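Right after this note come the structures.
Common to both upcoming complexes is chain A, partnered first by chain B, then by chain C.
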Partner chain A sequence: MHGAEILLQPGVFPRLLQGLWVTIWIAGVSVLLSLPVGLVVGWLMTLRNPIVRFIMRVYLDFIRIMPQLALLFIAFYGFARAFNWNLDATGACVLVFVLWGGAELGDLVRGALESIPRTQYESAQVLGLNSWQTFSRVILPQALRRLLPASVNLITRIVKTTSLAALLGVIEVIKVGQQIIDANRFQYPDATLWIYGVIFFMYFFVCWPLSIVARRLEKRWAHD
Partner chain B sequence: MLAGFAACGPSGATPGSDNNSGSSSTGAGKQQTARTLDQIKKSGKLKVAVFSDKAPFGYVDKDGKNQGYDIVFAERLAKDLGVKPEYTTVDPAARVDVLASNKVDVTLANFTVTPEREEKVDFAKPYMKVALGVVSPDSKPIKSVDQLKGKTLIIAKGTTAEPYFAKYPDIKLQKYDQYADAYNALLDGRGDAMSTDNTEVLAWAKANKVFTVGITKLGDEQPIAPAVQKGNKALLNYINEEIVKLGKEQFFHKDYDQTLKPVYGDSSNPDDIVVEGGKI
Partner chain C sequence: MDWSFIAHNAHYFVNAGYMTVFISFFGIVFSIVLGIVCAAIEAANIPIVKQIVRIYIELSRNTPLLVQLYFLYFGLPKLGVSWSAETCAIVGLTFLGGSYMAEALRGGFEAVPQVQRESAQVLGFSPSQMLMHVTVPQALSTAIPGVVANIIFLVKESSVVSAIALADVMYVTKDLMGQTYNTYESLTLLIVTYLIILLPISIIGTVLERRSDYARR
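Our next item is the complex of A and B:
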């Protein structure tokens, strides 16, 4: 139990929380910006225009095939060399996560919109709703319900993937943990397990509420 | 490997341009030009790439402040330039790329000079050196390579100790993949001694009281030096002059006393590690 004492050292917990805040900030900003991007991309994907469809296809496949780490390195080091576009590390992370979140969410939106049966549109028109009313009152509420589980899954993936930011020099929760472990490696050689254990619970308590909210909403909407 | 990926951009292969004139041509498709001395002074900040998890050379203390042997030098370098240091923490693999993409002005992160790295960055004069060390139990200390003949030596795979001791057929080598395993093997008495970087064994022996570093300096000494972007002659010359100047006041010995001595103890000789005035 000797290693557990490191958690009681002054500064250890506050610093981990600071690191967690950086993680949450990057993930939060990325998710908030991904939502409008994803909705627009999803809508564009349902259009019949072949050029728009082709561009969206290339965008989605490129983002999906490339490992996030490679995208991060391109945004951080590659842009600086090729276009003289010197993003700071946090900015590069947000850019990559918004592009990634937007693409994946867009595909989810497309799937949800296309899964609404044709008859729903036709019935709405028969009832005298115009096209905006059809979309906002009939199609969107149903699509959102189908969208929810997969979106929460995507958000938790974004939260966890922020750990890659450490490789660009961002001091987020994982990096803070490594710094603490290393600074104490002579006094507390077995601190690794305890620090990573705490980080595990930190990620858990960030992602868990999302699952709860999603489950609640799904239940409530099931009875509408 | 992934860092190399980013380097595959259209300009990645043209790092040799000479930027000492001080003109900041920043056209698209060109490698980003390093900041000149004037630009650094004007901005009031010297951007330095450091380690944040390699105690006691570059680490972060309990208050979240950068500390260590490299950081003491960085603080002084910035102070003499009349600016404040701004730290970017890096991983070993990122040390070349942060310079090439101009994220930082200088890398001070336990950067060993190697021919491959010299093709990509410009190294200044060394301020430290590293060689091999041999650690053994207090009760049966190993003080020379001759004493190792017929005995078992523990080493970690991939370290410079591996090729070095391959030259001695009389010494039985026991190899481990992980540092931790190699140290545990020594603790368990599965070998007579263990060898790796002297900076590493000295720190370990300090934490494990019944062991001693009988040989503190063995094999080729590898210099550790500050690095700047390829072609940034003005900053390189400035750092070289600074290192020579600091040598006159034995600055790196003071740095050693402040940061490394508490870890290595009184028994080890600072001259095995410290380089003054850039002369090995």
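Our next item is the complex of A and C:
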């Protein structure tokens, strides 16, 4: 078990933490940008306009049915040629996570909006509010509590999915781990076990608290 | 778009599609088995085993499949475990999927109101009759949408096994793009292959959900 000593080598643990920070940064930016996208998408999905409805349906279904890794490939390799758009790996990841997170969040927003009784919409209309005002002033505040638990779960899914960024070559926690393993191949042949073990628990300790928060919120608001 | 390129290389994607389906199929079947076992242990409230199941579910749900696979494939052999990439992929998918299936099934059982069990008892049902005719049908009705969603989720997650050098759809796409620079054609084949695999599951799932929706009818 002397292989565990690699974790105590100078620079190993701090470098892993730096990698974890990149992971969290990508996930954080994606989540922040997903919020406005998701709200707009959710609002659009509740509109009765058949063209808007159809476009939203296709968008959501395509994003949902494609594996995230496939979406990343399409953005990273496909968009560069299609739009002559030299997106770097981190940019491709953020773009995909925002499109994906926006679609998923949009569907949650739609579900929450549709659970609001009709009378709320009708009363707002009678009061002379336009559809955006109705959405932002009347419906959204009520929908938020139905929305929040599932949204927190979505954040953990986005954090977990950032692991795929390593496969596009982003230097995040997994890639840093691979570099450490490769650099110590001969001194510490057992490094894979320890480094991947540590990365496993790093992800766990980022996502687990979020899962607990989601569960608490769900319980607290379940009976409203 | 070079159609002859697509025609010439489509057979790679047929083989790769088989690999994706093969890994996903066994991963899903074992996940459901593991999910049933975990849900049963939680329902039966067996002291220490229940805590172990709880820890497993939390570990599995809060870590990405890619890291689980790297640990299983590159890490565990250092402890003397040696397995093929296929076995490792199926084990990894089962490790991930088991907890998701367990949660979906548990949700189903918890949704059956206590009154239903009490009524069955009053009517003189034996415990096994109660399980077969009252609890399980209602629990499944609630659990099926979750289970179907998990099946689709696991097929999608199986794309990650390309990272341990299994020649699945993702792997072949990357290979082909690297060799030929026919990016559009390769990506089109990628999208079409996944649609062919996943659309039928999605449609069957929707039908199944509707048909088994007798709890809310």
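Keep this in mind: the second predicted complex is superposed on the first by the 188 of 224 C-alpha atoms of A that agree within 3 Å, B and C clash if a C-alpha of one lies under 4 Å from a C-alpha of the other, contacts with A are read in each partner's own complex, and residues count from 1 in each chain.
The criterion applied here is as follows: a residue touches a chain if its C-beta (ideal position, glycine included) is under 8 Å from a C-beta of that chain, and two chains touch if they have at least 3 such contacts.
Everything numeric here is computed off the predicted structure, so don't read it as measured data.
Student: Touching A:I116 in the superposition: chain B (first), chain C (second), both, neither?
Tutor: So A:I116 meets neither chain B nor chain C here.
Student: Give one of first, second, both or neither to describe whether A:L193 is in contact with chain B, with chain C, with both, or with none.
Tutor: A:L193: touches chain C, not chain B.
Student: Should A:L44 be classified as contacting the first partner (chain B), the second (chain C), both, or neither?
Tutor: Neither chain B nor chain C is touched by A:L44.
Student: Once the structures are superposed on A, label A:L33 by its partner contacts, choosing first (chain B), second (chain C), both or neither.
Tutor: Touch partners of A:L33: none, neither chain B nor chain C.
Student: Report for A:G3: first if it touches chain B alone, second if chain C alone, otherwise both or neither.
Tutor: second
Student: Determine, under the contact definition given at the top, whether A:S211 touches first (chain B), second (chain C), both, or neither.
Tutor: second
Student: Quick check on the superposed pair: does A:I74 touch chain B, chain C, both, or neither? Answer first, second, both or neither.
Tutor: both
Student: Taking the superposition on A as described, I'd like to know which of chain B and chain C A:L140 touches: first, second, both or neither.
Tutor: neither
Student: State whether A:L167 touches chain B only (first), chain C only (second), both chains, or neither.
Tutor: A:L167 contacts both chain B and chain C.
Student: So which bits of chain A does chain B touch that chain C touches too?
Tutor: On chain A, the residues that contact chain B in one structure and chain C in the other are 69-70, 73-74, 77-78, 80-82, 167, 181, 189.
Student: Could you please specify the touching residues of chain B with respect to chain A in the complex?
Tutor: Of all residues in chain B, those touching chain A are 2-3, 5-7, 9-12, 26-32, 52-55, 59-64, 88-91, 94, 97-98, 100-103, 203, 206-207, 263.
Student: Quick check: in the complex, which residue numbers of chain A touch chain B?
Tutor: Within the complex, chain A touches chain B at residues 9-12, 15, 18, 69-70, 73-74, 76-78, 80-84, 86, 89, 167-169, 171, 175, 178-183, 185-186, 189.
Student: In their complex, what parts of chain A are in touch with chain C?
Tutor: Contacts found on chain A: 3, 65-70, 73-74, 77-78, 80-82, 156, 160-164, 166-167, 174, 181, 189-190, 192-194, 196-197, 199-200, 203-204, 207-208, 211.
Student: For chain C, which residues count as touching chain A in their complex?
Tutor: Residues of chain C touching chain A: 58-59, 61-68, 70-71, 74-76, 78-79, 152, 155-160, 162-163, 169-170, 173-174, 177, 183-184, 187, 190-191, 194-195, 198-199, 202.
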